[in-house]
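Paired with chain B in one complex and with chain C in the other, chain A is shared by the two complexes that follow.
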Partner chain A sequence: MERFAFLGRFARNRGALAGTVIILLVAFAALSAPVFFPTDPLRMVAQPELWPGEDPAFPLGTDSLGRDMLAMLVHGARATLLIGLFASAVATLIGVSVGAAAGYFGGWIDETAMRAVELFQTIPNLIFVLTIVVILGSTLHNIVIAIGIVSWTPIARMTRAEFLALRDREFVQACRSMGMGDFGIIVREILPNALPPVIVLSSLVVAGAILFESAVSFLGLGDPNIASWGRLVGDGRELIRSSWYICAIPGVAIMVTVLCLNLIGDGLNDALNPKLRDR
Partner chain B sequence: MGNKEGVMNQISRRVFGTGVLATGLVGSLVHSSRAQGEPKRGGTLVATWGGGEPQACYVPAGGGSSPTFSSSKLFERLGNRKMTGEFVGELAEEWKPAPDFKSYTVKIRKGVKFHDGKPMTVDDVIYSVSEIWKKYAAAPALSDFAGIETSGDDAVVFKFNKPTPEFFFASLLCGNVNYIVPKHVYAGTDPVTNPANNAPIGTGPWKFKEWVRGSHFEYVKNESYWRPGFPYMDRLIIRYVRDPAGRAAAIEAGEIHIGVFNPIAPPDIKRLTATGKFVATSKGYEESVWATTLECNMRNPVFAKTEVRQAMFHAIDRNLIAKTVYYGYARPGTGPIFSPNKEFFTPDTYKTGFDPKKAAALLDAAGFPKKGSAKRFTLNLLAAGWFAENGKIGSYVKQALEDVGVGINLTVPDRPSSIKRIYTDYDFDLAISNQSNPSEPVPTTTQYYTSDGIKKGIPFRNASGFHTDEVDALVEKIKIETDPAKRKAMVVEFQKIISKEAPLLPLLELESTTVASTKVQNHSNDPNYLAASWHDIWMAS
Partner chain C sequence: MTALLTLNNVHVHFNTAAGLVRAVNGVSLDLGAGETLGLVGESGCGKSTLGKAIMRLVPVSTGEIRVEGTDIAQLQGSALTAMRRKVQMIFQDPYGSLNPRSTVGRSVAQPLVLAGWKPEAVAERVDTLLGWVGLPTDAKQRYPHEFSGGQRQRIGIARALALNPRLIVCDEPVSALDVSVRAQVINLLEDLKAEFGVSYLFISHDLSVVEHIADRVAVMYLGTIVEIGSRDRIWRQPQHPYTKALLAAAPIADPKLARTRTRTVLQGELPSPLEPPAGCPFHSRCPIAQARCKTERPVLRATGDSAQAACHFI
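== the complex of A and B ==
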């Protein structure tokens, strides 16, 4: 029952609903890419700079090297979504661990953790990502790790704030008086209650991660063995005055996906925030 | 050529800058066919190039194309090479070999003054050669240099331990940064850190006035220049614009009059020249041809067999790369010496043309048969990220080699990582890199293929690890052969051997472009125009 109420509240936000539908479509495209485009999307298959619609075999045209834009876009959705999800998972894992420890234990653990958070926050994110990618090498998982490392700080702060608010509540004290261990209290009692706002934040980190990946690929530091949207935009920029669609198509894909993820984040916020329940 | 301008601001194209880089300024006036009527005097010329600001206005060791561009307007060389290929004196009047070719007497031009008013003398020449050339600017070329001394008031004698061919010597005098610098400014200091490098005092047609960092150099006319009546213009501004789109806009708006070395992207070249107000030319790069190379790391045992290396080249369609990646501003390379090299080039080399069937057959024969869908072997392909085109070529080469059953992991590291991985760590199986060589093959070209070129940590040398006694011995003979015909025959032999051995070959020879307003006259009239003095350039109103 409670679950249906949640979905109802989520669906009441029309934007979130539309966002979900579009993201599901993108996810479907990503999953079906190997079925519809079984060959390497980075293969040169036709004449370069074929405009969209010029040749029915390549509905979105070809890029400056004669690679199928549609195939790259669909395969790019895989890379882009994978990077977004995994980077968000890495950031959430680090953020929740650090934030929970800081909020629950307080004292020197809190002090140390929060100074670390501030340290990370003072480094410009994009520069930090680029530095990590340059040092570790431009492979898919290094990019995921790099984005995770720069994106965890807001999650840590949010988790800490929730833990600070919850750690002295009656139900927690009850658990303590029953002799429950710290780890059990953190994971089984406080975390489920602290999670809703963290989930909202994580969904936004997915969007941020996609933008980071696009920037990294745009600057030519992405994994050259995979198709990604940012790389497509980067490759097409020198042709912006003649064949602007090469930049525009993946650019629109990035914009729509990030927008939809933000809408979903809003919807989740509406659905999970009890104070907004009766709005 | 393609959009390499984009990454040019992080890289220096002439990274070595130490070789004997024969270059020339046109000594006498050669009016281009576009020049109409009498040259107009006065005015300010604003120039740019397809790269970024230099680390210093003048770098004694060369330091790349950027400082070569900025310093070559202020300093001059002893000799220069003309478009027609002949060598002419610049600060030297003439030079003559001794009968045994172990020494050369060079007569120095009289009446030349440095920008600070002091006269240029044989002392300046001796200082420049023994302290700057030998130690920084031309160290590898001067490996057999035995010393330099005066011979009367106006001549010097270069001495060598071994016979030195005339073409080699003339090329040395014309080397890119083999300038005559003022002894009274440099003596007793460390030339590398001398503050004068950022406000050079030379003998050239232009005098340094100001460097506004992040923006431009301002040079003014040298009123006491030794060529009477030159330069035509009053001021020369070298402006730096970070990206090619910005350069295209500035050229289009008339803020920049001339851009050398691929200032703008090929699609913009078409757009600008179509208006009739701008011209694009590939002239002026005959002595500084750039190539994109593919290099096999011989440390990987799969490359032990010559057939495997040849197969790599047969699998790649270079015409396709020229067309799609370089928009036609490139042509397939045929051997270690590039086709504009009039003295030494031979088209008669082992042909590694596009032939995937032959590539597959060679790999089969070498003991790497294809079993079903399994790869024959897998290689790490490194495309040096200093030019954006290299990454694109990397994607294509990956596809082409996978088509013949070779697995490829492609990486495109940035400039410092690429240099480290190719030339220090040798951490690659196949590398896509670039080189630019002068006409004289020794040492710049040959040290990619000889055992003395294997110098860990020194960029743009022999990174493939290829060496045979045959090639080493041949290069030693080329070094000291003074008969031009015999020497040419040896260099032809060298090209045949290397093209067949295929440790490293140019995939493509690149065509650099200069884009200028149609008002600019007398440009691109030197075989290495980027490094020319530009004393005869002028602008119509």
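== the complex of A and C ==
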């Protein structure tokens, strides 16, 4: 019952529903990429700079090296979505751990954690990501970790605030009076109650991570073995005055995906925090 | 009568930004097995803090809290966990005391699981417990928000009973309930006491409830006990001026009786526990205070065979 009510509330938000449908299509395209485009998308297959629609075999045209734009876009969806999801997972893991410890224990742990959060927040995010990628090297793993490291602070703050509100509730005191340990109380009692707003934030971090990755790739610091959307935009930038579609097509894909993720985030917010939904 | 719970000069002090708050300031009392001790006093007098100190939910600054002879005031780790099973708590707010994301079955089973019971034994015990407090066994799969306040308080009672505790600290267990449901919960508590011989420390500001359930009553004011004695003695012959004022402030159902009684109405507010008055804590509001009360703090003295009061002029 609970679950169906949740889905109903989520679906009532039309934007969120549309966003979910589009993201599912993108995810489906990403998953089925090897079926429809079994060959390496970075292979040259036709004459360069074919405009979209010029040749029915390449509906989105080809880039400056004669590579199929559609194949690269579909394979790129895979890289882009994976980076977004994993970076958000890293950020959520760090953010929830730090925020939960800070909010639950308070005192010097809280002070130290919050000063660390502020330290991270004072560094401009993009520059921080670029610095980490340059130091660690441009591999997919390092980019995911770098984005996670700059994106965890809002999650930590949110988790801390939730824990501060919940830690002195009577059901937590009841658990303490039964002799439940701190770890059990944090993970099994408080966390399930603190998660809804954190999930909303995590879904927004996915969108932010995709933008970060695009920026990194656009600047040429992305993983050279992976055709993410950001890299496609970056590859096309020299031809932006003649063949602008090479930049525009992956650019629109990024925009639509990020927009849809934000819509989903809003929808989750409405569905998980029903008291705020009719404002 | 051997004492189940003995408090010896218990202090609970909190360091706050505004200064040191003496929430509990030297409380000593005894609670026998199978006895119900009512703890009354106005809001902010420290009665809930004292209950939480006995549960070790707030740190005890100094003093002894003996449960069956063992001092638990500074126990840590597994020794504390073992003692916790003997003392359980029923909370004031039936909406806050159950995890909204746990099923009722999980909440009630929690103390058993923590005590290391086997899953089959836990399931059986949960059914028994829900039966005792008058809830259907299918309540197990449901969530707290599906229950009324009175039912939730029953769930809290079932959880408190799970490990056969010797003492249950009841922190205003019926204050948040409708009057119509209060009697049911009070009667349930009395039935359970008769059946299992459990003791209650019954914290309340509702004098009519305490009069009904308590064997003995302790009156608390500003972190200290000003009078303690058997219920009948306290109600019929209150000695301390604060007890008199407190009882006089309680409404009486019979308007004819109510009109005839003389009332002493207390002036002023409860002093801040940040700066408790020197001497007797009650002297700033006491109708019979004299110069001595401002300098010398009275101790509890016997005022009869079953009562003690802390006042210089008794």
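Quick note on the criterion: the second predicted complex is superposed on the first by the 275 of 279 C-alpha atoms of A that agree within 3 Å, B and C clash if a C-alpha of one lies under 4 Å from a C-alpha of the other, contacts with A are read in each partner's own complex, and residues count from 1 in each chain.
Just so it is clear, a contact is a pair of C-beta atoms (placed from the backbone, for glycine too) under 8 Å apart; a residue touches a chain by one contact, two chains touch by 3 or more.
The model shown is predicted, which means the values in this text are computed figures rather than measured ones.
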Will chain C clash with chain B on chain A after the two structures are superposed, or do they fit? fit
For A:Asp55, is the partner it touches chain B (first), chain C (second), both, or none of the two (neither)? neither
Quick one: classify A:Glu111 as touching chain B (first), chain C (second), both or neither. neither
Here the angle between the directions from the C-alpha centre of chain A to those of chain B and chain C, rounded in steps of 10 degrees, is 140
Looking at A:Glu189, would you say it contacts chain B, chain C, both, or neither? Reply first, second, both or neither. second
Based on the superposed arrangement, let me know which partner A:Met178 touches: chain B (first), chain C (second), both, or neither? second
Which partner does A:Ser64 reach: the first (chain B), the second (chain C), both, or neither? first
Using the touch definition from the top, say if A:Leu42 reaches chain B (first), chain C (second), both or neither. first
On chain A, which partner's contacts cover more residues, chain B's or chain C's? B
With both complexes overlaid on chain A, what's the closest CA-to-CA approach of chain B to chain C, in Å? 49
So the chain A residues that chain B and chain C both touch are none
Using the touch definition up top, name the residues of chain C that touch chain A in the complex. 52, 55-57, 80-81, 84-85, 87-89, 91-93, 96-102, 107, 110-111, 114, 143, 156, 159
For the complex, which residues does chain A have touching chain C? 2, 169-171, 173-180, 189, 192-193
Enumerate the contact residues on chain A facing chain B in the complex. 40, 42-44, 48, 64-66, 134, 137-138, 220-221, 224-225, 235, 238-242
Interface residues, chain B side, partner chain A - complex: 2-3, 6-7, 244-245, 265, 267-268, 271, 320, 324-325, 383, 385, 388, 391-392, 394-396, 398-399, 402, 409-414, 417
